[in-house]
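What follows is a set of structures to go through.
You will see two complexes here that share chain A, one where it goes with chain B and one where it goes with chain C.
Up next, the complex of A and B:
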């Protein structure tokens, strides 16, 4: 800061101008927003709207695409599966994320720092690398099956890829930091004296957890859960690689409509369904928790 | 009591146990992929029957791997620069401007972050097919810029909000032109935010798969597309070699960020 002020003084001295009225920037603030705004309108908002529009214009005007989407058991199963996978991933992430965030918040800095390092490393590692690693580890002859058999826990390899187990393990791996990091912040802000007070009033550890700590952490957990759920709903890569054809999710269906079936009408309709659900949940998040949950990455 | 480690009783061992297992869970894929990339087994069997650098040899012998890595790098660099420049302008306008609808505009700038990327990919694919941008570097840059820009706007906005505007005003009072004040006082003051924005934008492009799958052509593909295409055929250890190099790069980047953060703090 001192350097900056000195620089400011130096600039003033250098130009030798008398202090005058502060002038405005040559371009007004709004003009500065325009390039970014144009980019997002032309290459984001308009193309997305055009895609959604195709759902009611192709192959002919009307809502036939939506009728087909809702009327088919195959598609309904994909909707159900998308929600199921997202819900399971969210629950598992919370169940692991809360105790980990709690531990990190109370461990001495020197012990917590390397654990944070591992968390950040896993988060910054290439998405495909992480998914590939799980495909290798979980395959029939993979390390995990081999060790379980070696330990005598199972006799035959467990099927852990191309099913719900595989998707859950792979996606929880990706989502975990998005739960742990915000929850850590929430727990750090809690005054330990509140819990000491609970102890002094005779609360057992379990009572203190249930009646004091959990209610204090609950808003953070809800915000994290909603964020993970919304992110999972639209996931494409990991479900496509770790899930089987029986576990197809909505994002994969959209890609398939467009890439393999070249059916833009159905693709647009499925995209609209995903978009509406995502935006509705996002609006709920803003309503309940403000923008705090945004930008976890 | 619950927030003091030494007063948790046996509970602390439960917490430490869960955290320990989680660390194993987080590290396992990274460590095993690194180990298997040196293993001689084509089927990635662990422990490997012997050790070898064969997969790295195959990786570097195939010009398509290097080419796609270079394509990714160039695109990510261009995206990082454009994203910081456009993001800085937008963030400055949004923070310092007093025009109406600022809040709505701010929210709009962040929407690409929440929209499922597959929707954007399909929508841009349709547009690019029509205007002939599919399979071009320009197409890649535009697509990645759309997803990178929100990170730049978010990071630079918070840096600007944390920067005391009085210092900029002081420079102007001392006779600096407004532009001079921004360039020589404000920008150095938010250098940390600009750097983070560049790193996030670079990573957003470098790691991006979904948009890239739709934008790629047989002659132009990024590294993630190359990995994706190879993965769909088989789990060859060559991918493990490529992955290990990528993990090494990530660790280098983390160290770089840590060093620069420490440098700006003191």
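Up next, the complex of A and C:
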């Protein structure tokens, strides 16, 4: 037991080491990390570095690739698209995910379990299959448009695919579990007595929500939002299939550079920009909320 | 004890990997019904044990050749890429003492490649969904006469730009060098009515569901769709041909087997068999004689009267510049 505590302290950054304890950190937990770390370095970090290096060496040494990337209105628009889509998907996921997480948290376990089942099951289905399913549902001759026209609600089919609407619907559906699960965890930990206490002290429902509940839920929301935003930034399949070419996102541009145009210099430059933005957001998250929202405590 | 288990696991892994090493060579194509047909007509009959892999990825070819670890021996690539990659030193020269090129369609033979199959971009139309079907490229670009969405191939490749220029009145023999400004201006006029397809299966889905009741398609995909009972019409007026090529990446460890495979795959019999299964045309001039005449009639090599050959040499030279401009235009 003591060993576990010491290890936990070591993982926690060593700040909790009491005087008198051995100063040398135990090798045990680190040895366990080594194989995973090694795998990441050899098969992930090194190839990524090699690609990034090409961004300043191909076709000739210098920053021409970055200049081309930033100097072109088209590429800037793709950056803008990437952030726009990610932001919209994040907001919609939060708006839909919060009530779902809340409901799941207050429902009796027996009722909540099957809903969880549905949520998790959707994550196990192949991404491409799910995206194609949305395509069939949303297209102009799809089920939704045909039903609406059949009911006389609309005259012409609504454009719901090959545009921002299609991307938002498809990606929100995929991202929803990543918002619901952390939020659920945070909400479950809130003692219902706190809200009763707020009411007893004369808080209105709105005040209780704004002053008590939201601050308590904020880390979960931030964690979910950041996860969705960052995952959305690098998304490829869904935007490529449900979005129009005018909604092209960064990941698709990188794939074009690497596979189709075989221009690895530009591909590396675009990848570096995406990586820097993602890491910056992660750093911001750590600064604002620590690791609390990421599953640690 | 731990070591024993680790070594046993290692040995088991190596054992499992062994059959892969035992194959004579690896063939790579685009997957789907096309690669299935290539497997059945070529790989299983070439007298070699052939491992299938895919999909074709030009980034991977470059990575393998640069790293000196080439695991692909014969790759099915687009014709313009074959010319470009040959010039860039990414491919092995083919051994024409093994491969008989005397019967091969000379349009698709270079020092580094032979034609794999050839196809046409044709105008397809779902007859149940519209009153009238567009017959020419000019029709397909005429949104007043033929209102509705039209499907086009999304990636930068020979086909769409040529179609736009033909629709704008450029004579077939004056297409090259391509007037890109003019082509994009013409494409602008229908841009909001275009639905892009990224692969053959999607193009069939768009046409069958009438999401896009007409458009530009690979001829083989229309033949296949027709067989499923959809009322499809195909217009060969100004059909634009392009070919896929078979190439050997530089540094292939199974060069001899690769040459033998290509020799078989490009033979009259193998080409005829593949054409019958896929709806694409054979690149061996001896194949049509071996085929069912009714079937042979439906293939692009019989539609030469109003046929336009995409200029692979032009495309190979300008592939990168056109591609960059193409994707920028799409994203605009």
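Assume the second predicted complex is superposed on the first by the 246 of 297 C-alpha atoms of A that agree within 3 Å, B and C clash if a C-alpha of one lies under 4 Å from a C-alpha of the other, contacts with A are read in each partner's own complex, and residues count from 1 in each chain.
Please note the rule applied: a contact is a pair of C-beta atoms (placed from the backbone, for glycine too) under 8 Å apart; a residue touches a chain by one contact, two chains touch by 3 or more.
Just so we're clear, the structure is a prediction, and the values are computed from it rather than from any experiment.
Asker: May I ask you to decide whether A:275 touches chain B, chain C, both, or neither, giving the answer as first, second, both or neither?
Answerer: After superposition on chain A, A:275 lies in contact with chain B alone.
Asker: According to the stated criteria, A:139 is in contact with first (chain B), second (chain C), both, or neither; which is it?
Answerer: Both partners, chain B and chain C.
Asker: With both structures superposed, pick whichever of chain B and chain C touches the larger number of chain A residues.
Answerer: Comparing touch counts on chain A for chain B and chain C gives B.
Asker: After superposition on the shared chain, which partner residues are touched by A:151: those of chain B (first), chain C (second), both, or neither?
Answerer: Once the two structures are laid over each other on A, A:151 reaches no partner at all.
Asker: Once chain A of both complexes is superposed, is A:32 in touch with chain B (first), chain C (second), both, or neither?
Answerer: Only chain B; A:32 stays clear of chain C.
Asker: Classify the contacts of A:162 with the two partner chains as first (chain B alone), second (chain C alone), both, or neither.
Answerer: Second partner only.
Asker: Scan A:261 for contacts with chain B and chain C and give back first, second, both or neither.
Answerer: second
Asker: On chain A, what residues does chain B touch that chain C touches as well?
Answerer: 135-136, 139, 141-142, 241, 258-259, 264
Asker: Give every residue of chain A touching chain C within the complex, in rising order.
Answerer: It is residues 72, 74, 77-78, 135-136, 139-142, 162, 240-241, 244-246, 248, 253, 256, 258-264 of chain A that touch chain C.
Asker: Can you tell me which positions in chain B touch chain A when the two form their complex?
Answerer: 1-5, 8-9, 11, 14-16, 18-19, 22-23, 25-30, 32-33, 36, 43-46, 86-87, 89-90, 92-94, 96-99, 105, 108-127, 142-143, 145-146, 149, 151, 153-154, 167-182, 184-185, 188-189, 200, 203, 207, 209-210, 213-214, 224, 227-228, 231, 235, 239-240, 243, 246-247, 250-251, 253-254
Asker: Using the touch rule from the top, collect the residues of chain A that touch chain B in their complex.
Answerer: Answer in residue numbers: 1, 3-5, 7-9, 11-13, 15-20, 22-26, 28-33, 35-37, 39-40, 43-48, 50-51, 54, 96, 99-100, 102-108, 115, 117-122, 124-130, 132-137, 139, 141-143, 146, 173, 176, 187, 190, 192, 195-196, 198-199, 205, 208-209, 212-213, 230, 233-237, 241, 251, 254-255, 258-259, 264, 267, 271, 274-275, 278-279, 282, 294-295, 297.
Asker: Would you mind writing out the residues of chain C in touch with chain A in their complex?
Answerer: Contacts found on chain C: 57-59, 62, 149, 154-156, 195-196, 198, 205, 209-211, 320, 323-324, 327-328, 330-332.
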